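Common to both upcoming complexes is chain A, partnered first by chain B, then by chain C.
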Partner chain A sequence: MSTEEDTVQEKKTISLKTSDDEVFELEENVAMEFGTVKAFFGDDGVPRDMMMPIPNVHSKELTRIIDFCTKHLDLKPKAELDEAGKKELRKFYKEYMKEDTTERIMELILAADYLNVNDFLDLLNQTVADRISNKSVEYVRKLFGIESDYTPEEEEALREQYAWAFEGVDEDPAED
Partner chain B sequence: MANRNKRFKKEEDQSQNTRGVYTSHLPELVINRIVSHLSTKNVVKASILSKEWASVCSSVLVLDIDEDEGNEQRDDHKKQRREFRKFLTSCLKIFEKQKYLEKFRLRMRYLGAADSTIYKSVSFALERNVKELDICFKREIKGTNCKYFCLHQTALNNAKSLIILKLENLNMKEDSIDIISFPSLKTMSLKGVRFNTSTGFSRLYSGCPSIECLSLTLCHGWNVRLSGSRLKHLEIMSCEIKLRVEATNLESFKFRGDRGFRRHIIDMHKSFYIASCQTLRSLEFSHTHFPIEWFKGLDSRFPYLERLVLDTCFCHSGIINISSQNLKSLGFHECGNNLFNFSLNAPNLSEATITIEQRSHYDRLRCFLGNFGSCKKICLHVNEPEICIFPEEMRKKSSPLPGLQCLAVDIETVTTTAAHSALMDSLRWMAPSLEFLSINRKYHNSLQFVHSVV
Partner chain C sequence: MMVTRSKSSGLLKIVEERLLKRKIEEEEKRAQLSYIPKDCISNILARLPADSLQRLRFVCKPWYNIVKNPKFIDAHLQRSESVLVFLTPVGKKNLHLISRKVKMGEKERLYPDPMTSTLQETRNTVPVESKLLDPNSLPIFGHPALNSPTNCVQFIRFENGECDIGEYSLCCLSDNIKATCNGLILLDNKLKKGGVIVLNPVTKKRIALPLGTLPLRRYEESYGFAMSDVTGEFKIVHLFLDELGNAHCEILGPYKKTWRGVNFPSFGLFRNGFGLTPVSLIGALHWIPHFERSNYIVSMEVEKEKFHQTPLPLGGGFHDRIIEIGGSIGFVTQEETCIDIWILKGLFGEGWSKQHTITLDTITRMVPLCSLRIKGNIIFRREKGSSIYSYDFEQQQMTKIGKVNPSVSYLPHVNSLVTWMQATADIFD
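And then the complex of A and B:
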């Protein structure tokens, strides 16, 4: 055992290695927000200074996930204290994904899913859902590259049966 | 699960619009999660995207159907209503195979028809062990002949799994001598609900042994007695009822005294009795008229009180005198310039939210603010900045808030830059030890945040 344990407690860090061979050092409390990391190290057993490979995550996504978790960890306890804190957390959720393209969000979903970052996943999924809500079927098909396997007659029949659901649709956005 | 980790790639050389086009297949798990955040209207739409999407869509656990969703632009109301009813019936078929539902929410207008479809929806949800049932009928404000949906209580017979029940704008009819049992119900919220008998609500409530949160809004004419040891949170908003609360573990009580548009202030003393709730931690009153001695002995009646909100309340005698040892948080919205007659003795108060609408005598304001000397954090809402721009002569006196560390000011009306800077000067005198100040003001009809560290 190293002598460092006898000295003043230093901030514990965890190292992660991404698919593009970049090594990130995170504070332990942030890293433990990742379910996959938490499971990997467990309560004891695997030593914390061992580098954990995350071959399915690119550094670009990891940077963003770390950013979310750090900010989220800061705001969450304040939200439990008072109304002002709750308001700030709500505002954070509202604004955080504003600038991202849907494509970017899908990339983040994959990474957050692999790392098991539930809070971020919830926000990402909600953001995508909000973006496809009230949009035309054609727009959503194009967005996700979905090929319809319905015949035109089948589709027409469904549209007629659930006519109410197809009313009040927004104009397709110019670009995303 | 091998699909999970595929990366999305953009096809640069497609002839169509290439931005945001995926060629990789969205994994089913991802589709499932996205769909679970959609309203039912959008879920049904999404089921047309492809047969795979249809399969994922038919297994959602939440049905959230709102007749007014996205339909503000439509003129052909009759056709829209017909189509909605047809849609509601179709929904019950699409999701028929689902064995289990977490939540069923239905929000629609009621115009005298569609009773059987509504009943079918309720039983559909209950058969699938739904945990949360939320049925809300929109009230037509302009209609003179307002029809109310009548719910027979036996329709809620099969509610073993129900944890949350919310009903809005309907009539409840007791059609059985037996009491309907809600063994798992923890939260009940009734708004604009009418019973056909005077004991209707009491009997409904007696079938809920596990209830923890109760909220009643715009319910009138009842004689309510709430006892039991499970009830923790109680909300009575704009109701004209006789209330007696003897719940031994009540933690929070929220009360609003006015009835809709009329400022019908309910006298706390006559109609309401909550004196024996010693476990109360949070009290919130709005538009309430207190009898003279109501605030006396607050500490002995509510020894654990931590949070108190008084919003547009007044006291018969005109004086509000609060003394509470454990109080940590206070909310105060003035009413008719009652700032003058307010005194506070709360040594452990650490945070306060104060709303002031009118300008008042600055010396009185200084004394009023001095009541909050022990606070670390204050949120101040004012109609115009002039309300707290103390004149120069006044600033020779001692600061009302010497120990304040954090101040957030919200200004309702448009503020000029000159007023803003005068305000900053005044605030610096008001709270010389400020570490964090934020001013939120309207500037040319838009909100602008100005954060600054003093």
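And then the complex of A and C:
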């Protein structure tokens, strides 16, 4: 995926190469939202026309992260301006991750964490938190791929001692 | 026939292999996902409400260790929004029915049994006083406290411009909450003659402590609960009047279970009474002595245990209050349709500045209850009719959000995982 290589306007772009060997050209202001990229190029040092490898990130995730950062960069200054802008930003946060499975969100977390994209990471972490807050322990284990390291006896003892904590959970949802 | 059989078994084998491959892929994917960095897990968990954490900390031992870490507990506390905590008589609860029958003859479990309501699932309600009771020292029959009605601990939470009631699955014999601080509440211990209980209603961890010196007249005392900003330790501060009308102060810290007297300036600061429960900010406790026309506040530095007197910007009226606003002491005072909000710069004596004025449509008495530490709104209770309102500073709007019981006292609180002190044998789960 390559962004505009305008001949009219000279937009500064930064090149990133993903784990699946795809090269992305991003506008510099979008790329600088990635903390890792910002640190890589620094204030002086590495020239901006050098391609930065990001071997831990797949093109699928990068596409999405670029999408978020572009839209977010557009909405943020509007939100500082007036109430309507604030509302739009709130709506954006609310709707942006709606359609994604929790598994997909976790893949994005790994990528956003590696690239240090803090705003997106905040939204991703909050989305996961909202989705697990009323769920059972078993469901959360399955979701995160965690095997319980409690023995069956320990588990039973905990459930008895803290019976009140295990109540009031939502029914485990069907497979994501 | 031979050909067909080998063909079908060959097909079966292919299907099996494919299933196995998919299973391995899925497992690999899961394994990769569980390498979500610990920082991210910590970040996600810190966003969960305290009661969810009580359950989800048991997902696995690493998660348990994250949640019990004092740094995590503090980070979680900083993100948690204020609520109002209160007691409500069990009979008045419309969600759950709790039987008042006491199981006589059972030495250890002398508390009311939760009864299944036909509408709700069984609730495991924890009675605060259980485990605090010494089975050997109590007659089984006729204990006066056991015949009195119990109360449930509940809270009001404010979210998205609305409010609703949250549950702790806790009942207690005490009929008032004496003080609150950072997630801990102080209750009377009705089982032991004299005695207080420090309780975190979320974790249910509780500890019984001795009562302070009893004042001559029952209500001539005040309990405050505060945390030192230097050591992070909690202290309970008890002010009381002696038979001569002199005020005294004693303090109970986390490590010694006895009260010790503290130097208290004798300027007659509290000659007309102690006023309401003091406001606790990190590092200090603040009282407005006596409601009517008080023109100063008394503050105590928790760490140094020193008292200060700070004049108020104007005389306090009956419904004026000091509340914590954004980490500072705020003085909220109302005159006709104007509610002025003053903030005290620095903790002691640097002066007040008027931060904001709320103009109401009509002259109606609004009593400030607390401010929401994250959102910034101030919650008011209307004196007539007891509706509650939320004031949004950005929109400059006072919105009605619900109704409360006028005879119940609501104290500012936060649902957190803090504990009175590092785990000891005396703290019960």
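FYI, the second predicted complex is superposed on the first by the 167 of 176 C-alpha atoms of A that agree within 3 Å, B and C clash if a C-alpha of one lies under 4 Å from a C-alpha of the other, contacts with A are read in each partner's own complex, and residues count from 1 in each chain.
Everything below uses one rule, namely that a residue touches a chain if its C-beta (ideal position, glycine included) is under 8 Å from a C-beta of that chain, and two chains touch if they have at least 3 such contacts.
The shown structure was predicted, so the numbers you read here are calculated from the model rather than taken from an experiment.
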Please tell me, clash or fit, for chain B and chain C sharing chain A in the overlay. clash
Of the partners chain B and chain C, which touch A:R141 in the superposed model: first, second, both, neither? both
Just chain B (first), just chain C (second), both, or neither: which does A:S133 touch? both
May I ask you to decide whether A:M52 touches chain B, chain C, both, or neither, giving the answer as first, second, both or neither? neither
Touching A:Y162 in the superposition: chain B (first), chain C (second), both, neither? both
Return first, second, both or neither, reflecting whether A:L73 touches chain B, chain C, both chains, or no partner chain. neither
For A:N125, using the defined touch cut-off, is the partner it touches chain B, chain C, both, or neither? Pick first, second, both or neither. both
On chain A, which partner touches more residues: chain B or chain C? B
Scan A:E107 for contacts with chain B and chain C and give back first, second, both or neither. both
Those residues of chain A which chain B touches in one complex and chain C touches in the other: 83, 103, 106-107, 109-110, 113, 121, 125-126, 128-130, 132-134, 137, 140-141, 144-150, 158, 161-167, 169
Under the definition above, what is the set of chain A residues touching chain B in their complex? 56, 58, 82-84, 101-103, 106-107, 109-110, 113-114, 121, 125-126, 128-130, 132-134, 137, 140-150, 155, 158-159, 161-170, 175-176
So in the complex, the part of chain A that touches chain C is made up of which residues? 83, 103, 106-107, 109-110, 113, 121, 125-126, 128-130, 132-137, 140-141, 144-150, 158, 161-167, 169
Could you pull out which chain C residues touch chain A in their complex? 29-37, 39-40, 43-45, 47-49, 51-52, 54-56, 58-61, 121, 123-126, 169, 204, 395, 429
What part of chain B is in contact with chain A in the complex they form? 4-8, 10, 16-17, 19-24, 26, 29-30, 33-39, 41-42, 44-53, 69-74, 80, 83-84, 86-87, 90, 329, 351, 353, 377, 379, 408
